[in-house]
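In what comes next, subunit A is part of two complexes: it sits with subunit B in the first one and with subunit C in the second one.
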Partner chain A sequence: MRTTVGISTLAEARHFLERGADELYCGFAAMPSHRASAGSFRTVAEVGAIASLAHRRGAKLFVAVNEINTNLNSAIVKSLRSLEAAGVDAVILRDPALFSILDAEGVKMTRILSSLAFAFNSKTLEYFHGLGIKRVTLPQQITAAEAKAIIKNPYGIETEIFFIPRDFCSNIDGLCFFTKHEYGCVPHFLCRNTFSTPNGDYRMPQLDAETLLGMLYDYHKAGAHYLKISRTENFPERMIMFKEARLLLDMLEKKPSRAAFTAKGGEIMRRLAGLYETYSTPGENKG
Partner chain B sequence: MEKALSLTPGQAAKASSSSLKRFDAVYIGSETCQNLLASRADVDALAAKFKGTIVLSTALLDEAALESALSLAGHAARKFGYDRIEVAVNDYGFLSELKREHKGRMKVSAGRLMMLNILGVWRQIDTPYLTYLSENFGVAALEADNPFYLYKRGPESPFAVHFHTPLRLLATTRYCAYSDKFPACGRLCRDRQLKLKNTQLKGGFIVSFNNGYYMREKPFSHPLVTRTVHTPADGKSS
Partner chain C sequence: MERAISLTPAESRRLRPADAKEYSIAYVGSEFCQNLLPSVEEFAGVKKRLGLRPALVTPLMTDVGVKRLEKLVPALLKACGPFEAVVNDMGVLHYLRGKFPGKVKPVLGRLLTTDFIRMDTAFFNSFLKEHGITLVETDEHVMMDAASRSIKADFSFHYPYTLASVTRLCPYRRRLIPDACSRPCEGNSMRLSHPKLREEYLLLKTCAYFLKQEARPHSRAARLVFTPETV
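And now, the complex of A and B:
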């Protein structure tokens, strides 16, 4: 399984490429991307420099356009043309209407379907295959067993999963508005808070590390192609996450049993847990 | 203005014929939990005691649930006719298959999860997105529960809006709220609504129901709203 890492600076790109990242992805300020907008690049030249760096190391660079905003469609088309010319290899898309707009405008950049398009079944994949996707990022809340027909699709579409053991929301990413707007005064990650009910305390369900490691194991065994480290705003946390992901992927390459992987993987996660706490930022958003 | 009621299959089974009389349409199923998709028997039983429009509420669907939803829609259309059946859709694969199987005859609306797609960061109705759904899938109506979709809109839109109250969806999950597991279902929810309080929730409280978390929403009127959809919600445990 190869690795895709979200970045926000040239230094981050260099860090991950030197440590073996196969692909990078980023946001571009003129185009709507899912959160972490502060970490989006502002100029084509910045992105072009990273694309060049990635290509010299045999890696690729993608750009995310995974929010929907009518007002920016013209800017998106213009930006994608410039970014393609600057060497960006693919675009991560969500809005089916934008696929059509890119067709009409003759933008030929390779297309990756965002997890935010919610491909939970092979018919959704088939539909977006008709719109020209070459890869799909699976939503977090689908198991490898459920995704079997997507992973083994007849169209040659590659599959990508998030680094599930550390990047797994209790609510469906893209369909959760606890982090903004509706309760403007509520801190991020309300999902992790305790609520009171007449029958006692309530916490939104969370999967334990063993289950999440098991999911990663199942996806690896099922043949998912890429592991994605999200574009969080916290670079040190992403550094630890990438290191942890590499350790777990190395273990998986040795084809351990599921039980052995979840046990040893759990040890790795516990060993690195302190580092996450050191670098965690309360209220941080992913993207 | 049409009046509609939104029920889970369990709630629909308990509803009396007389209690449904004042509604023009009844939604059956769930937009947030694929495991609460109505069965053929659920729809047949509802149709026997309610003579108006039946709307099949559907969620994001895995392979098995998609097959069940397609089978249900086909059954309902054959047995009760396209005039009487609508489907609220939240899954592109399902939308695509409905169009293919029913050749555009099935009345479909873009469900609330599809609408959340465009609420994202920008809080506006996105015309190309909806136009795309209309032109490619025959979507003519939108299921909405958030007034922000409509604040900036005049009455010229080609889309009818079905406005849901009093629960506005804030988040959805595929977990079972009662077992920490997904997507296996033992119907542990039993149509319960949990009223969740937290000291940091200055808006009051949220309600956990059908794999969704909701805040309370007031009734809302707008020229585009052609149907109000009521969900029984007392926000209490039961």
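And now, the complex of A and C:
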């Protein structure tokens, strides 16, 4: 399984490439992206420099347009043309309308389907295959068993998963509207609070480390191609996540049993837990 | 303006005819969980017992859910004739449109509308036409205000709750929704309180969280869909 890491600076790109990242992705300020938009690059030259750096190391660079803003569609088309010329290898898309606009405008960049397009089944994949995607990022809340036919799809579409052990929301990303209702997400996490009910306390479900490691194991075994470290605004956290992901992937390459992987993986996660605490966003309640 | 009531399968069995009088349509199923598809009996029972026109409600689905739907839809058509299906999954929408044109009338569910309503209007209108969709669902006044002038479809407005969040982690079993379950959510909606909430409570119903909103009908809503806290 290869690795894809979200970045916000040239230094971050260098850090992850030097440590073996296979692919990087970023945001571009003129185009809408889901979360961490403050970390989007502002100039084509900056992105071009990272693309060159990535290519010299045999890696790739993608750009995310994984939010919807009709008013920016012209700017998106213009930006993508420039970014493609600057060496960006693919675009991460969510909006079906934008696929059609890019077709009409002759933008031929390789297309990756965002997890925010909710490809939970083969028929959805089939629809987006018709729109020319070459890869799909699976939503977090689907298991490898449920995604079996998507992973083994007949179209040659590659599959990418999130680094589930550390990047798994209680609710479906893209269908969680606490932010829209002004309750925010990171670092406030309404979803991680304890609520009162007439029958006692209630917490939104979270999966434990063993279950999440088991999910990663199953995806690796099922043949998912890429593991993605999300582009959060917390670089130290991403550094630890990448290190942890590499340790876990190295372990998976040795083909351990599921039980052995979840046990040993759990030890790694516990060992690194202190580092996460040190570098977590101020005010963040890890629940 | 049409009035609909949105019911889980168990609620559709429990609703008393006297409480169904103000509605002409009953949504049966779930916008959020694929384990809450109705049986043929439950779907047909809405017409027989309550005198309401049944509409099938479908959520985001995995391949397991789609397979169930592939069996269910022909059976519903056989038992009840053509019907409306509220669709919240792109793959399901294409399946229904491709396989049952003229028999299953798709309604764009609010999980899809959330994105579509923000898309390029020309694309959205052409998508609606191509898929035979004439009714678009939402629970957002702001979105409806913005879109109702340019979208070539009628709007169906959900009240008295607006969707706050959806999960595939079953709040009752506290694990990813299994392929089969005993529906522990049925009849067990919960009011969740927290000092951070401006609203009195967050409502947990099936595997979605809601906030109460003002129940005034939107002036352009062709249909109002009422979701009871429980039945």
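List of remarks:
We adopt the following convention: the second predicted complex is superposed on the first by the 272 of 287 C-alpha atoms of A that agree within 3 Å, B and C clash if a C-alpha of one lies under 4 Å from a C-alpha of the other, contacts with A are read in each partner's own complex, and residues count from 1 in each chain.
Operating definition for what follows: a contact is a pair of C-beta atoms (placed from the backbone, for glycine too) under 8 Å apart; a residue touches a chain by one contact, two chains touch by 3 or more.
Worth saying up front: this structure is predicted, and the values here are computed from it rather than measured.
Annotation for the three-chain superposition on subunit A: subunit B and subunit C clash. Once the two complexes are laid over each other on the shared chain, residue contacts for A:N121 go to subunit B and to subunit C alike.
Once the two complexes are overlaid on the shared chain, A:L175 sits against subunit B and subunit C alike.
Of the two partner chains placed around the shared chain by superposition, neither subunit B nor subunit C is touched by A:A222.
By the document's definition of touching, both partners, subunit B and subunit C, reach A:I68. Touched by subunit B in one complex and by subunit C in the other are residues 68-70, 73, 94-98, 100-101, 117-128, 141-143, 146, 148-149, 170-172, 175-178, 181, 183, 190-191, 193-199, 202, 204-207 of subunit A. Interface of subunit B with subunit A (complex): residues 60-63, 65-66, 91-97, 113, 116-124, 126-129, 131-132, 136, 168, 170-177, 179-183, 194-198, 200-203, 206, 208, 213, 215, 236-237. Subunit C contributes residues 60-66, 89-92, 94-95, 111, 114-115, 118-121, 123-124, 127, 162-171, 174-176, 190-194, 196-197, 202, 204, 209, 211 to its touches with subunit A in the complex.
Per the touch definition, subunit A reaches subunit B in the complex via residues 32, 34, 67-71, 73, 94-98, 100-101, 116-128, 141-143, 146, 148-149, 170-172, 174-178, 181-183, 185-187, 190-191, 193-199, 202, 204-207. By the touch criterion stated above, subunit A contacts subunit C in their complex at residues 68-70, 73, 94-98, 100-101, 117-128, 141-143, 146-150, 170-172, 175-178, 181, 183, 190-191, 193-199, 202, 204-207, 211.
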